[in-house]
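Some notes on the structure that comes next.
Labels run A, B and C following the written order; every chain starts at residue 1.
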Amino acid sequence: MGIDKKSEPINRVDGRAKVTGKAKYFAEFEVPGVTFCVMVTSPVTRGTITTINTKAAERAPGVLAVFTHLNMPAIPGWAEQGNNSKLPSGGERYHMLGSNKILFNGQPVALVIADTLERAQHAASLVTATYNKAEHHTDLLKNKEKAAMPPRMGDYTRGADTNAHNTAPVVLKADYTVPIEVHNPMELAGILAFWEGDDKLTVYAKTQGVKSTQRTLAGAFKIDEKNIQVYAEFVGGGFGMGLRTWPQEVVVAAAARAVKKPVKLVLTRDQMFTLVGYRPYTIQHISMGATQDGQLTGIYHEATAETASYDDFTEGTVGMTRFMYACPNVTTKYRIVPLDRGVPIWMRGPGEATGAFALESAIDEMAYKVNMDPLQFRLKNFAETDPEKNKPFSSNNLKEAYQLGSERIGWAKRNPAPASMKDGEWLVGYGMSTGVFGAHRGESTCRAQLNADGTLLLQSATSDIGPGTSTAMVQIAHEVTGLPIEKIRFELGNAAFPPSGSQGGSATVSSVGSAVFDVCTALKGMLTEAGLSFDNGTVKPAAGKSDGLQEVLSKQNKTFFEVTKSSKGGAEQEKYSMYSFSIHFAEVRVHPATGVVRVKRVVTVADSGRIVSPKTAASQMIGGVTGGIGMALTEEGIIDHRFGRFVNNNLADYHVPVSADVPHIETIFVDKPDPITNPMGSKGMGEIALIGFSAAVANAVYHATGKRIRELPITPDKILSA
Amino acid sequence: MNQFSYVRVTSKESAIAAMAKEKTAMFLAGGTNLVDLMKSGVTSPERLVDINNVPLATIEETKTGLRIGALAKNTAVAENALVIRHFPLLSQALKAGASPQLRNMATVGGNMMQRTRCHYFYDSALPCNKRNPGSGCGAIGGFNRMHAIFGASDKCIAVHPSDMCVALTALDAVITVAGPKGERKIPFGDFHRLPGDTPEQDNNLQRGELIIAVDIPFNQLSAHTHYLKVRDRASYAFALVSVGAAMQIKGGNIADVRLAMGGVAHKPWRLKEAEAWLKGKPATEENFRKAAGMAMTNAKSQGGNEFKLTLAPNTIVEALKTAAGQV
Amino acid sequence: MDDQLKNGEHTGTSRRSFLKKSSLITALALTPDTVIKAAEKGIDEQIASAIETMPLNVTINGVKQSVRIEPRVTLLDLLRERLHLTGTKKGCDHGQCGACTVHVDGQRVNSCLTLALTTEGRNVTTIEGLADGDNLHPMQEAFLEHDGFQCGYCTPGQIMSAVCCIREGHANTPEEVREYMSGNICRCGAYSNIVDAIMDVKQGGKKV
């Protein structure tokens, strides 16, 4: 049983709160007596603190407390872990303010808490420290010899001829670089924490998972999860940085307990570069073999990425290469290099976006080598079934997507020869790429409450970092019950609600949506038993019955019907390989004299099953494309390795795309239900919107100029020096 | 931010008097750069003299040109009909700078006073001779993709970030400043400095002096102007290289020409040799290219900004071509 | 010297100068830290605060506000932390993102770089003051209709900026809107829809 009709586009159910400024983000809750926390951070990249002087700060007006490693109350869960990380990278654990060790530049060394923000900021500037500097390593290119296989990602090999990529009639060998990228959601990260007594904690958090934050805090403070309340109804973007509860959040909670007052920490923008993760600098080597007529015979793909000395961050960078194309011999390797840096975290599209830049650039390069249209080359090597898992795809409408997109952009009308098209002085280029990401579904729980007035309340401890979770859930409930949208309310961002996973990996609609589907279905059953039914947007007496909803509830001494359902995928899912797909087409202009690249037009096609919420889904796609434009053309976190310190940790120098960088973006949905993934027939969208897009731009730049740029971002200097 | 005292003044006399009272006092106009620098701990004045209510914001025609009050907002100047008619280059340059919000706040005087965007200058954890004389230049041997190719010293390779100043230097503007000893005039090209051994001094304004106005003499260059700014994103970014070009073309020949560049030196960089060579010659791409080559004679790469040696002359040519209506 | 200056000197004396003049604190400088701290928390602290703050009279969303604040308080922090008008957002605190955009005397500005005291006697409009009671402003309606946002955090700044973009006469073509809206970063990437929303309002001809 599922939903078989197409969904209508509706406005966001929480949109009014957002356009009026009434939506409250974590730092905006009025908590009486709130105090302000500002962090002092290390200018040193590795070493130890020798002295730290907090006297002037403590004496400054309005200051309640200054915490350093010398006086920070112990965090029981951390103390239990000890310092030994037991990780292959071998480093010590990072416990903020837990010792005098400095493991990365920008590491907090003191917290100042004061009665106003300005006073806390000023007092923080009065803290002075001296350091014993040790030699540091932040440059992956100079530390490649430390590359190690992470425990969570082994090498992969398919096919007997592991050398096919070297011996084929046509061989391509190329190296690709994706720099550090920083999530930089517009809302600054942080936490607002307060205690009742010593064992009851409430936090307003910037998190993609209220349950995960609750678990982390419970583990850190060794108190029952029930005693920790986490709120995060509105989250001002995450893109992955909110998938972890960061050490400073735990420390601020501990500080709040010590000063016995609510404490609010809002990171500064520069701290967003060092304390809440980033997309790791990654170098990739691809070696690819094909026959003269364009049949892939072998692919070798090796990725090497940075991680922290204290954590083995791992992501799916080489995953796509294993199954995307019908190639008999494939080898992938993934290595990590521990550096004196803060730990990375998944950033939208995560490793798959990094890997897709390399693979989809290489596919384009190979297509030109064998004199084939890049689209035809992809079709020729199309994988009808998943060659990695040897399973059929639950659904795969890529061929239709290729066709829809290529027709819309006018792919066939272009002159395929590189550097052949012009618009005035500007060179014109078209490029395409494919994106893919697992159609995941996790366990999720939802509570439904049908009130006497016929309104339906749904609750689940999930999140909305922007995609429009509530809107999609209300649409699912509407489609199951027939109740009008305005009579349904979905509540989230509260750890006391029935548990759900974090919002990440494009899995929210599939996971939480299934729970909504199931709980609404259960509610229907409950109504049937009570002699009621959903009928044309209201609850009416079932055939042959006379009591309406109010009468039935009142006879049962209830004010509402209530049911909670947990939902997860069944065993049938094991039989299939489940992925969401996207195809991106980009038309670019490149100025040959200045090296400036502009994306002029975009057509992006999603094959992500049935579209549950068409309006917000289209926004997801244009958002992913915009992020992809940044990845392709503008974004790069730059470290001066002499100091181990960022030299563009602000929004003027780290270039997130602005409106002028982004053209009108055309989105197309194949919109065909997937019969396996979940009852809605949907698959995720958040990642595929971005995955591969950077390659479409790089490929278009090649088509425009004949210059192959393999190192992102494609800034004017790279065009001029290529 | 440290605590500071704040005084609001309504006349230039009281502004100058208030400034004399405290050694680290500073004038506060639009605040777009100063407040930012104070937040970053780069500048810590103990007194701010708010001059926003001083009547110095008028834009008026004089016998010889336009006089723009130092407190005229960037937007007001960019949108002013007289400016657009007589000095379209100035309007174009202003609109290429910052964002609409910042242009609504920033003043003409403040724009001249804005400090470099060099990251080593902004980050007190890193060496910078401009911020902390004697501490060294972090950009030399470091991240210097944005840095100077002209006029740098072994103490500082920072660039001046203003777009407006590129236009004003091309337009032979003259600045009037007032101080305790009265008023004086400074030709625009003499206002900003090269770093030399004292990069901490951005310009030749004396302590306690207040910029009053800038005068731009009338010229015959308004028909052919173009401000071309090459940057890492399409808007709201500092220049990798920018070029302000203005020409008077008679019968296909260049009767008069002005050229200046931004993003290449510690001050807005006027290309007088190239101008002199172009005068009287046909307005052709070939001549533009030769002039651009001439302009690059003393250019020097710092490593990370090597591409500017190609980008700068290309941008000069493109700006001239566009100004001449050849694109 | 005019009266304003004299007035400023009285009300804006720096803490440093105050401390120099305060014999009590001079004496305390010779006593142990703990005593100084206790004293500073007490009466001297209150005196210091009074001297360090200055009066500000500003009209915000039509309501006259009279507060005493330190000169270093920005308009943004005044709105968010003291007046609890949290619709105006802090995204970078350095004039690099536009999330804090408000109108001062009808002009869009970055409130994070505006010292609050410089708004003395002025009219400030924030997102909370844009709608007419329960009736949304046409720009708010258009953002809703075109889904011109995702996480919603940059949205108030975008809307405040968009209103001015039209009022300034810079919304004649999508290209012009893109340029004149480039001071407002949207990391979710809703630009395409934001431009549609603004063009829709512009073409609809409703008064903004």
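Throughout what follows, a contact is a pair of C-beta atoms (placed from the backbone, for glycine too) under 8 Å apart; a residue touches a chain by one contact, two chains touch by 3 or more.
None of the values given here were measured: they were computed from a predicted structure.
*Asks:* Find the chain most remote from chain A, comparing centres computed as mean CA coordinates.
*Replies:* Here the answer is chain B, farthest from chain A.
*Asks:* Between chain pairs A-C and A-B, which one is joined by a greater number of C-beta pairs in contact?
*Replies:* Per the contact counts, A-C leads.
*Asks:* Distance between chain B and chain C based on Cα centroids, please, to the nearest Å.
*Replies:* So the centroids are 28 Å from each other.
*Asks:* Centre to centre, by mean C-alpha position, how many angstrom separate chain A and chain C?
*Replies:* The answer is 31 Å.
*Asks:* Between chain A and chain B, what's the gap in Å when you average each chain's C-alpha atoms?
*Replies:* Taking the mean C-alpha position of each chain, the two centres sit 41 Å apart.
*Asks:* Note the residues in chain B that touch 2 or more other chains, in rising order.
*Replies:* As it turns out, chain B has residues touching two or more other chains at 1-3, 234-236.
*Asks:* Got the chain C residues that touch at least 2 other chains?
*Replies:* 15, 52, 70, 72, 93-94, 178-179, 182-184
*Asks:* Listing for chain A: what residues touch at least two other chains?
*Replies:* Residues 118, 122, 652, 657-660 of chain A each touch two or more of the other chains.
*Asks:* Under the stated contact criterion, what part of chain A meets chain C in this complex?
*Replies:* Those residues of chain A that touch chain C are 11-12, 14-25, 27-28, 30, 55, 58-59, 61-62, 116-118, 122, 183-188, 234-239, 266, 268-269, 464-468, 615-616, 618-620, 622-627, 650-652, 656-660, 662-665.
*Asks:* Would you pull the chain B residues touching chain C in the complex into a rising list?
*Replies:* Contacts found on chain B: 1-11, 14, 17-18, 21, 28, 31-32, 35-36, 38-40, 46-48, 50, 52, 75, 98-102, 104-105, 234-236.
*Asks:* Going by the contact rule set out above, which residues of chain B touch chain A in the complex?
*Replies:* Interface residues on the chain B side: 1-3, 41, 117, 119-120, 123, 125-126, 138, 141-143, 145, 228, 230, 232-238, 240, 306-307, 310-311, 314-315, 317-318, 327.
*Asks:* Can you list the chain A residues touching chain B in their complex?
*Replies:* 43, 118, 121-122, 125, 424-425, 591, 593-596, 598, 633-634, 638, 640, 642-643, 645, 647-648, 652-653, 655, 657-661, 715-717, 720-721
*Asks:* Enumerate the contact residues on chain C facing chain B in the complex.
*Replies:* Its residues touching chain B are 1-2, 4-5, 8-9, 12-17, 52, 54, 70-72, 74, 93-95, 98, 101, 107-110, 113-115, 117-118, 120, 161, 164-165, 168, 170, 178-180, 182-184.
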